[in-house]
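There are two complexes below, and they share subunit A, which is joined by subunit B in the first and by subunit C in the second.
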Partner chain A sequence: MKAKDFYKFVAPSLIAMGTLLVFPLVMATWLGLNFMTYRNINNPVFVGLANYIEVLTDQRFWQAFRFTVLFIAITVPATIVIGFLLALFLDQISGHVRGVFITTYLLPMVIVPVVGTMMFRLLFVPSGIAAWLYQEILKQPFFFNEVSVKILIILNAIWTTTPFPFIVMYAGLQTLPQEQIEAALMDGANRRQQVRYIVIPHLSSLLVFLGLILIMDAYRVFDSIFVLTQQNPIYKAASVMSYIFRTAMAVQQLGLANAMAILTVIMVMIVLIPLLVHTYHDQIEER
Partner chain B sequence: MQKIKNPIALTLIYLALIAYALFSVAPVVWTTLQSLKTPRQAYSPTPLFIFDATFDNYRDLWLNSVPKNPWLVGIILAGIVIGLVVIGFNANRIPGQNYIIYGGILVVSFLIVWMIPKFVNTAEFYKYFLNSVIVTLGTVTISLSIGCLAGYALARYSGIAGVLILVAALGFRALPSLALVLPYFWLGQVTGLYDTLALLIITLVAINQPFTIWMLRSFFMNIPRELEEAAMVDGCSRVSAFIKVIIPIMWPGIVSTGLFSLLLAYSDFLLAKILTRSNWTLTVAISQFTGGEDPGQLTLAAAAAVSATIPIVIVILFFQKQLIKGLTTGAVKG
Partner chain C sequence: MKKIQFVWFALLSLLVVVSLIGCQPQATAPVEQPTAVVVEQPTAAVVEQPTATVDPTACNLDAPSTPVEINMIGWSFPITDFYASELKKCNQVENLTVNTQQLDSASAHEQMRLGLAGGGKAPWAIIHNTAQDLAEFGSAGWLYPLDDLVKKYWTEYKLDDIPEAAWTTVTYEGHIYGVPWDANTIMMFYNMDLFTEYNIIPPTTYDEVIAACKILKNEPSLAVPFTMNLHAGWAWEIEFFNFIGSFGGKYFNPDNTPAFNSPEGVAALTKMKEVVDACMGPQGLTYSIDDSEIGMETGTIGFVNIWASRAANMDNPEKSNFVGRIGFAPAAAPNPAGKLGGSSWYDAYSIPANTGVDPDLVFRVIMEATDFQSQLEASQLGIVVRTSVAAAGGGGSRYLGAVNETLAKGVGSLPSNPALVLMQAALGNWLPLVGTGEKTPAEALQAAADEYLAQATQQGFVK
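Right after this comes the complex of A and B.
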């Protein structure tokens, strides 16, 4: 394809992304340098780096950051391990039941996150069946408090996210090199050794891809926290995103919120840049 | 891997799979049960599984007043829906281009959804549902049209600019959308577009564009170049070769990408929450329910959650293959 044709075809998309992605990012950087609330929305006051200094010394911002890191550190490995086990198990059975299991497992992922979290929450409100079970077994009522809300946020994330690593690894298992398995059988390898020395190495490139995507998605967690905490700070379960949201919408500090947003972009970039460089080299080779 | 033969081990595997399946569906099943109860039943001290089901919650959610002859309205609507489904399944047997038929069905369904409030006294919730439908359809249509052009060009062009665009798009795909939305909020306030569906559609298109072009490009890569080259030798221009030769065989890829675009637009909460004040979409309307804990609200909230989920369940029942293919292609290759 000639360059002229290329630009003709990509122009609409490029203009859309340029004006609606690149420009807002520049805009956010600039707004982050201004003092702005709803009152002076038409004439922000330039304050330089003051917002950034305020964010970096804000205890609650760091608290939200720590919770987000904890959230990533638990949910990402947990969803990968559960997804891997489910994929291995499902690979062992045959027939139409497989399809039924796959559909069932995909359900939590395709449900709208806000709605899914609300359904999840209805299990634990006083009239919910999980709250009832808790009461029956432990002989004490289930309360929403600092600890239990955090646990629910993590459980809910496992519920919604696991289908993704599951289906990706299940598809990966279907492409397992049969010769290697046969050779291993000849050598008398047991099942655990097969998983350890053939299946896991075969899936390793997938694991890197999954890990990166899951980390970046987990970092953006917002919807479920909004529903489970009801925006109530007493649970101390804000994520970085929900804290920024609150700063912008409830506290109405738009300049400060933009500064936080830019800081988070910088943090994402640290994870992202190796991936981007890798993709760049990949694409250069492929063309 | 070879299958396990040991019956005990196999039983344990089935048990584990069934246990996780129960975990997967439990919230949905419980919410559905709650949505069919009266508040009194919903708050019974031991959970009720067998009870006199009532559709009152759905009625209160969707309608301000029940039409005088509900059965007639119901039968007419059901008739139209069944007719459209029958036409859809038999599109191959009807002469004429298939996509015109599918497009026609889509337009007619949309018109019905849009016209209903003229005949039936619908509640606020219906307005939010309609907003969600408009936003989703608008986003999918615009995303796919500009995304197809770009995806195709990116699959065929080997210059460095193409690689740079792809890498930049991937970068934006990974950024938290909150960083981009706050400036939109400001721009919306300043330009007066705040609280309009148009602003929401534009933002969703932009935010989903990186993902759309990556996915469409991977489908275009699988289409051999010889096809359009042959057409171009025969005197077609690049554009007409694209429209007449490539697009018709790209339908499966476009449907897959459209499906993901649809799910993303329909699921969006953050953008709608920030960019609307009263012109809510379904997700924002539903998030309002969660605050109240009084009994009437709970069953109503359950009905709202189930109502928002039914369209999604229908979509995955019809398009499960495309969904799984879309989830796994990019991943398994890389």
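Right after this comes the complex of A and C.
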């Protein structure tokens, strides 16, 4: 293909990405170099790297960052493992029942995240059914505190996010050559050995892909934090995104919020670039 | 896929979609932002019946000569939704289209700030706001001063029916920036059966509240004896304002430096902590306004201190198991020698300074939605500002007495200061830590003062 033809093909994507990704990123970087509030939004004051230095020396930002890292460290592996187990389970089912299970497992993905989180929270308010069950079983009232709110945030995230790795890995399992399984069976491999030595290697590239996507998604967690914590500081469960939101909306420091957003993009890239490079090399080797 | 499989799949998908649509929860009530409230006593105004030629339920405006579209933005709870629907009455006027957008409070404020700060034509011709918003928006030059329009239509729309004190709260630096239509305050609701059984008189001070909590603590039907709304940082800030006012403290010094970290502020926050420890505990700290209302309606809370706008629901048989058996009392006084711990709030409609629509037309649309007839109907949902409504037998007879006493003897409204939003953010960040014991009242107030001062200085509110 000639270079001219190649660029004609990719031009629409490049224009869309430039408009929707690159331009806002450049704007955000520029805004982060300015002192800007709602009152001087049309006349921001250039302050250089002052906003970035303020973010890097802000204890609350690092507290939010630590919680975000903890959130990623728990939810990403959990959703991948649970999604994988569900995909394995569903792969054993045939007939009409399979469709019922697929629909059920995908439901959390269909519900709007904020609505789903509000419904989830309502289960645990004093008049909620989960709070009642908790009291009936454990003989003490359920109430929101630092530990319980963080657990609820993580559980809610696992519930809403698991359908995605589930459906990706289920699709991946459909491409697994049955001959390999049959050969392993003939060699006396049990189910666990089949999964460990055949299924997981077959899905390895999908697992890396899922890890990348889920880490990026988990880093942007906001809805569940906002709804479940009501921005109450006693829960110490602010994420980076919710802290940026608070900085922009409550404290009205728009330049500072932009600086935070750019720093988080940089941090995500620091984590993801080695993975991307590793994946790229793997792909080249496979070819 | 076989045909039968396809049919099953299609039926199941349809069932799922219908279930999802049917099971969508109602949007939770947004944060009820207090509006500037002026304490006033309703006058015994003579109700003038509308003339036979004017339909009071219609939008009595002449059609504009060219098509006009008026957009409104606000936040949703029952009485505000009602007024939004009243604005839409004017869709029956030829060439006039009124669109309303009711969001949750946080989103509405976010959209308003972004829309008004950006310059250019405002996306809306009517914005719903509070007295505190008026100070912030008015000082930034985002609002259209209504002085001339109020004067022009004073007689036609009987604007003297709105008390002077109400107009004062929507006035900033000598200019009127809003039309008030709804009042609110925080007051006491109590379970009459329980109080009778335990021989408790509705408390008038928070020392009496604590004493009542000690009596009710072992009542088996109660989850907690008493709650006030402390489930979020902004909720703590509102109650702190109620308490500090009773102790004679204030938020701002004349130079905008913080005044809340004073002995009066420490005394107020200490009293709040005593109430939390005696009455609420960790469980009570998680009760939102909705949870407190449900607790009263189901009998799992003995008495509460919440928004008066929730009073009508207590006598709604679809919501309450205690219709006619919930009593209402003025807010208790945190300081026995001080004012009642209830603040005053108004909701109002304002016109953005850079609206592209004729402000005169917009003002008249607002007037048509907030006239006597509209407020008479709205009185079933909340507290209205037109004093003639009460004389005409408007709703709320069981609780209006407590409301008016709280408004008259309470701590009044939040200061009209454009830096208030920064102070509220700082207080909301530190006050909740007193409830859990992580900070002492003095530590929390000093930390909030330091945080506010840093931001206010950076943003030019403190020189």
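Here, the second predicted complex is superposed on the first by the 249 of 287 C-alpha atoms of A that agree within 3 Å, B and C clash if a C-alpha of one lies under 4 Å from a C-alpha of the other, contacts with A are read in each partner's own complex, and residues count from 1 in each chain.
Note that in this section a contact is a pair of C-beta atoms (placed from the backbone, for glycine too) under 8 Å apart; a residue touches a chain by one contact, two chains touch by 3 or more.
These numbers come from a predicted model, not from an experiment.
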Should A:Leu272 be classified as contacting the first partner (subunit B), the second (subunit C), both, or neither? first
Contacts of A:Phe6 with subunit B and subunit C, given as first, second, both or neither: first
Larger residue footprint on subunit A, choosing between subunit B and subunit C, goes to B
Based on the superposed arrangement, let me know which partner A:Val110 touches: subunit B (first), subunit C (second), both, or neither? both
Go through the superposed model and pick first if A:Ala189 touches only subunit B, second if only subunit C, both, or neither. neither
Could you look at A:Leu122 and tell me whether it touches subunit B, subunit C, both or neither (first, second, both, neither)? both
Where does A:Thr175 make contact in the superposed view: on subunit B (first), on subunit C (second), on both, or on neither? first
Pick one for A:Leu207: touches subunit B only (first), subunit C only (second), both, or neither. neither
State whether A:Asp223 touches subunit B only (first), subunit C only (second), both chains, or neither. first
I'd like to know which partner A:Met241 touches here: subunit B for first, subunit C for second, both or neither. first
Residues of subunit A contacting subunit B in one complex and subunit C in the other: 41-42, 103, 107, 110-111, 115, 118-119, 122, 125, 127, 230, 249
Mind listing the subunit B positions that touch subunit A in their complex? 1-4, 10, 13-14, 16-17, 20-21, 23-28, 30-31, 34, 42-43, 46-47, 145-147, 149-150, 152-154, 156-163, 165-167, 169-172, 174-187, 189-190, 202-203, 205-207, 209-210, 213, 238-239, 242, 263, 266-267, 269-270, 273-274, 282-283, 286-287, 289-291, 293, 295, 298, 301-302, 305, 308-309, 312-313, 315-316, 320, 323-324, 327-328, 331-332, 334
Subunit C - residues contacting subunit A, complex: 5, 8-9, 12-13, 16, 20, 24-25, 28, 106, 109-110, 113-114, 117-119, 140, 223, 231-234, 282-283, 285-288, 290-291, 294-295, 298, 300, 421-422, 424-425, 428-430, 432-433, 435-436, 438, 455, 458-460
Within their complex, state which residues of subunit A touch subunit C. 35, 37-39, 41-42, 96, 99-100, 103, 107, 110-111, 115, 118-119, 122, 125-127, 141, 143-145, 230-234, 246, 249-253
Across the complex, what residues on subunit A touch subunit B? 1, 3, 5-6, 8-10, 12-14, 16-17, 19-21, 23-25, 27-28, 31, 36, 41-42, 82, 85-86, 89-94, 101-108, 110-116, 118-123, 125, 127-129, 132, 159, 163-164, 167-168, 171-173, 175-176, 181, 185, 191, 194, 199, 205-206, 209-210, 216, 219-220, 222-223, 226-227, 230, 241, 244-245, 248-249, 254, 257-258, 261-262, 264-265, 268, 272, 275-276, 279-280, 283-284, 287
